[in-house]
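Next up: the structures, one after another.
Each of the next two complexes has chain A plus one more chain, namely chain B in the first and chain C in the second.
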Partner chain A sequence: MLIFSSPALIFGIFLLYMLAWDYYFSFTNWSLFNPIPQFVGLQTYIKVLTNPITVASLERSILLAALLVAAGNAMGIVLAGLLFFLRNNTQRNVYLSILIYPLAMPMIANAFIWLWLYNVEYGLDYLFKAMGLPSVNWLGPQYAFWSIFLVTIWAYSGLAVIFYLAMLMNVPSSVIDAAKVDGAGTFTIYLRILLPNVRGALIISSALLFLFALRIFSLPYGMVALNPFVETAVINLYWDYISEHFAEATAIAGIVIAIAIAVVVPYALYGLKRWITQG
Partner chain B sequence: MVRVYLHEVTKIFGKNVVALDKVELEVKSGEFMVVMGPSGHGKTTLLRVVAGLEEPTDGEVWIGDNLVASPKKGVFVPPKDRNVGMVFQNWALYPHMKVFDNIAFPLRIKKLPKDEIEKKVKEIAEVLGIAETLDRYPRQLSGGQQQRVAIARALVKEPQVLLMDEPFSNLDARIRVTARAFVKDIQRKLGITTILVTHDPADALTLADRIAVLRRGVIQQIGLPNEIYDRPANVFVANFIGDINLFEGSIVGKGNEMYFDGGDVKLQLPSNIQGIANSQNVILGIRPEDIVLTKEAQLSNNDLAYVGKGIVEISEFAGGKFNVMVKLQNTEIKVVSSTSFSLGDAVNIYFRTSKIKIFDKQSENIIYG
Partner chain C sequence: MVNAKSVIHQVVLAIIIAVWLIPLYAMVINSFKSNLAAQTTPVLLPSGFLASNIVTVAQGLVYGLINSAIVVLPVVAISTFLGALAAFGFYRLRHWLSDFLFTLVAIGTFIPYEVAAVPLVKIMVALGLFNTYGGLILAYLIFFIPTGALLMSIFISVIPKDYIEMAYIDGASDFTVFLRILLPLAMPGVIATAIYILIMAWNNFFIPLVLVESPSLRPIALAVQKYIGGYGVLYNETYAGSLIAAIVPLVIFVLLGRYFVRGLLALGAGAKG
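== the complex of A and B ==
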């Protein structure tokens, strides 16, 4: 038993040690100016949560996560449905590969691809100009958040598609046949027979998309770097870290971790309950 | 009620997997047709072609006066427009719906008014004895109840044709008998044209008005249950529909004095026998219950042909009868007997000549029986 559980134990202990380390220093005033950390209670948290830039970055991260959960699931449901009803397996594999391709690439590479696409001279604007549409300052302060959101959809929807498609493939084909014989058309079958049976995909895609969006770093950093008007929580954290406000950085990390846990634990419990009750 | 007619229906999967090969089958209006055959020999494909879940490669499918599938004429009516009810092998209930919603689903698709749906669902649930399960989920039901829900769902829309795919194979042996009686009863009450496929001869013999036997996608024989059992078209059908002893040998003699010589098994054939000739190679078949064993002196009865003296090897009680294995020199013979024997008993073996079946050795088709 001990041998088999040792990898989980070792990683678990390491992870918990890091967590404890982070939360320990978040209650100190450790920074460039206070090289010897002193315990200050909740003072660092208060400082962080009253800093408008940090609060804005946290809000932005949560908004991005919520939007990505909504958009990612929607894309997953629509695209997985289209792929599922494709008769041709080869076609399905080709389309699926294209959809999950961004996931297989480093996010920083995705960031640079879109940096070019959002370029005012020769990216999407080139097409816009050709079609006579007004040019958009994609990565300016006004639109940067939405431009980045668009890229996260492009990058992460494939994940939801995989989960939905896998769950759809798990629905017994006889159930679909039964619905056909009962008189249902393809759309009705998808809406009323298939989707209610893929709730597992909704749970896992929502949890993962939320986490990916919350901790997102390389994508926005690669596209807009350190811009206080559009930065997300982890970039803000990174800025505190490189400016050697260590306690503040650990406090932001603590908050992000707490949000992640608050969102994921109920999902995990719900999933576990379903798993146990339905075998 | 309507008839179902398959005319030279062929179904080929991929390049060369022939599931159905020129199947010609007419199910009369209100008839209970059982299609039998081993697994993977095209039974389910036949049902799916009738339901519209598969498109035939060639041939025509008629439901009533409607041509529903004909590749040559470019006709294919999808399942939703065929008005057939189907009971699947694993019942295929919608797992996320309660029993009521499962049964109501076909009616909701038809957009019937709410109160009418409720009335119809309750009616059919009453008939099938599942009224008290309506607000449960399928996973909370027993196998027998799930099957009834599947039947209710198939029947609630008052289909023209009922299709059942191995409906008893997922049931316990004990429930199976009651379920069979129940299905037969429902079918008779509603008088609905029914096609049931099964690999179990017991299903076929008890339920069917007529039986069709499929082998590798080819119909071997269509007939009444007793016809199929007593006069099987070939060795395959004889073997598949029930236990049978088969002996290879040749015919000796001519006219009214003909004998079967199978080495160990030798007997005189009935004098009225026709269609066989001296020295023809044949297979002789006789079912275990058509063999008589006695310990006493020889019987004399016109219908019984003496075969020889054998030794009882196995005699096991099988509920009201005994399954006996007798060894006649080097040949083992299966017998169903009403009396028990002890191991090692020497017994006289008689075949009922009226029940003997003779097949041609080459074609395995029946010559006499």
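== the complex of A and C ==
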């Protein structure tokens, strides 16, 4: 049976080879100035982890991922609840599609759409001014990170909504009916009866939102390419590659790989794989 | 009392949905503004309907759409087929090796593409595939064959085992079972996998960013960024470019969105029920 999996296995090994390649060169000093890589032990890692811009970008990526996990789950719980209690299936499906469409859009297009929505003169600020509200310099150094965080909520919350909603729809209606007989209100039913039944959605949404957040590149790159206040770790990696600091780029890659694998492996083995074999 | 509650419920949802639609609305109305309107009206207000703006931008970007089709369509076909084949292998192989392969597939699906930037470029240069369609296709396959295998594993797991056991009892070979029994039974899952990979590969920006140098080879996502990036152009052009970059995945989403949702659900093994 292995023969069936072997074509995919070859590509999997190709991927592993690239990851190993990253780790190998992360222990060298390879760059434009040292075209012949020499083994330098942990020096490149020390260099990367003492570079304030790189450290800030790593912290920012993790912060963004953590914030997106929190906000995405909150939006997922609220919106899936609101959709679940709709009586009209068509309305529910249309609304769900509207919450998900940003995921089907190219992120670079999303970046450009929001670039101009955040424009101080022509964008949302125009509306703010018209309503007598103070205008916000959305993409200025002070707010750029938070503005991009708002876009990620818009772009990725739909992911959490579909998992919460799918699991809510699987809760047997007898459970809800029993609570109704006991006189519980809708809100109580949702909090006390339904949400405890959809804990799986919390695990799935958290893992996926974290991993999607870790690869966020086009959004800040398209909106504020050179603004160091919104640089994610993978953008920092890209600039190191462009400026031919190859060893540094692979060291950042090494760190990001370790973080991603720490989430993917338990998720795959104790989540996905177990759910598959149980069914 | 009940009525007041359901009114609030509907109003709250309607507001959230309206907010979610603002970017789509902005993209559409502003793609059809004149240059003058783009300098005098805000992004949120419509102003006239002028096709010439988007037509001009489209003419400059058609090549990107063609490049995307050249690269993405083979990737969708190969990733879905080889992914399904691999998933069938995992399904039959009850073994520690199956766990290992499944983990590998999950890593390929979820790891940030950006970590492969340097090795990907250096390996493609060494293979003579840097800055070619072939190199782009190969690079996409490295990430999307695992995606295909992961999604198909989930979809195959919900097929009743009896159907497959029965075919074996009748003496069918593995490959016959795969082609004649499994693929037809898993067809909605196959379509979902293909649609998911199509949308994700079409929208991918980073892989061509590092692997393509010649402007003429740029897929649409990269072509748009090079064409309209930053505040250097009028916003009607920016929005028209975004619309052209988004049009193929958006149309597919509108027509076949339920398959895309199934694909997303499968990322969390939620294809059941």
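Criterion: the second predicted complex is superposed on the first by the 260 of 279 C-alpha atoms of A that agree within 3 Å, B and C clash if a C-alpha of one lies under 4 Å from a C-alpha of the other, contacts with A are read in each partner's own complex, and residues count from 1 in each chain.
Note that contacts are C-beta pairs under 8 Å (C-beta built on N, C-alpha and C of every residue); 3 or more make two chains touch, one makes a residue touch a chain.
Just so it is clear, the structure is predicted and the values come from calculations on it, not from any experiment.
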Query raised in the report: Between chain B (first) and chain C (second), which, if any, makes contact with A:177: first, second, both or neither?
Result: first
Query raised in the report: In the superposed arrangement, which partner chain does A:46 touch: chain B (first), chain C (second), both, or neither?
Result: neither
Report task. Report for A:122: first if it touches chain B alone, second if chain C alone, otherwise both or neither. Result -> second
Report task. Could you tell me if A:196 is touching chain B, chain C, both of them or neither one (first, second, both, neither)? Result -> first
Report task. Determine, under the contact definition given at the top, whether A:186 touches first (chain B), second (chain C), both, or neither. Result -> second
**Report entry** chain A residues touched - chain C or chain B, whichever exceeds
**Finding:** C
Query raised in the report: So which positions on chain A get touched by both chain B and chain C?
Result: none
Query raised in the report: In their complex, what parts of chain B are in touch with chain A?
Result: 48, 51-53, 78-80, 84-86, 88-90, 92-97, 105-106, 109-110, 139, 153-154, 157
Query raised in the report: Can you list the chain C residues touching chain A in their complex?
Result: 5, 9, 12-13, 16-17, 19-24, 26-27, 30, 41-44, 82-83, 85-86, 88-90, 92-93, 97, 99, 101-108, 110-123, 141-143, 145-146, 148-150, 153-154, 157-158, 174, 178, 199, 202-203, 205-206, 209-210, 220-222, 224-225, 228-231, 235, 238-239, 241-243, 245-246, 249-250, 252-253, 257, 260-261, 264-265, 267-270, 272-273
Query - chain A residues touching chain B - in the complex, by the definition given at the top - result: 172, 174-175, 177-185, 188, 192-193, 196-197, 278
Report task. Please name which positions on chain A make contact with chain C in the complex. Result -> 1-9, 11-12, 14-19, 21-22, 25, 79, 82-83, 85-86, 95-110, 112-117, 119, 122-124, 126-127, 154, 159, 162-163, 166-167, 169-170, 186, 201, 204-205, 207-208, 211, 214-215, 217-218, 222, 225, 234, 237-238, 241, 246, 249-250, 253, 256-257, 260-261, 263-265, 267-269, 271-273, 275-277, 279
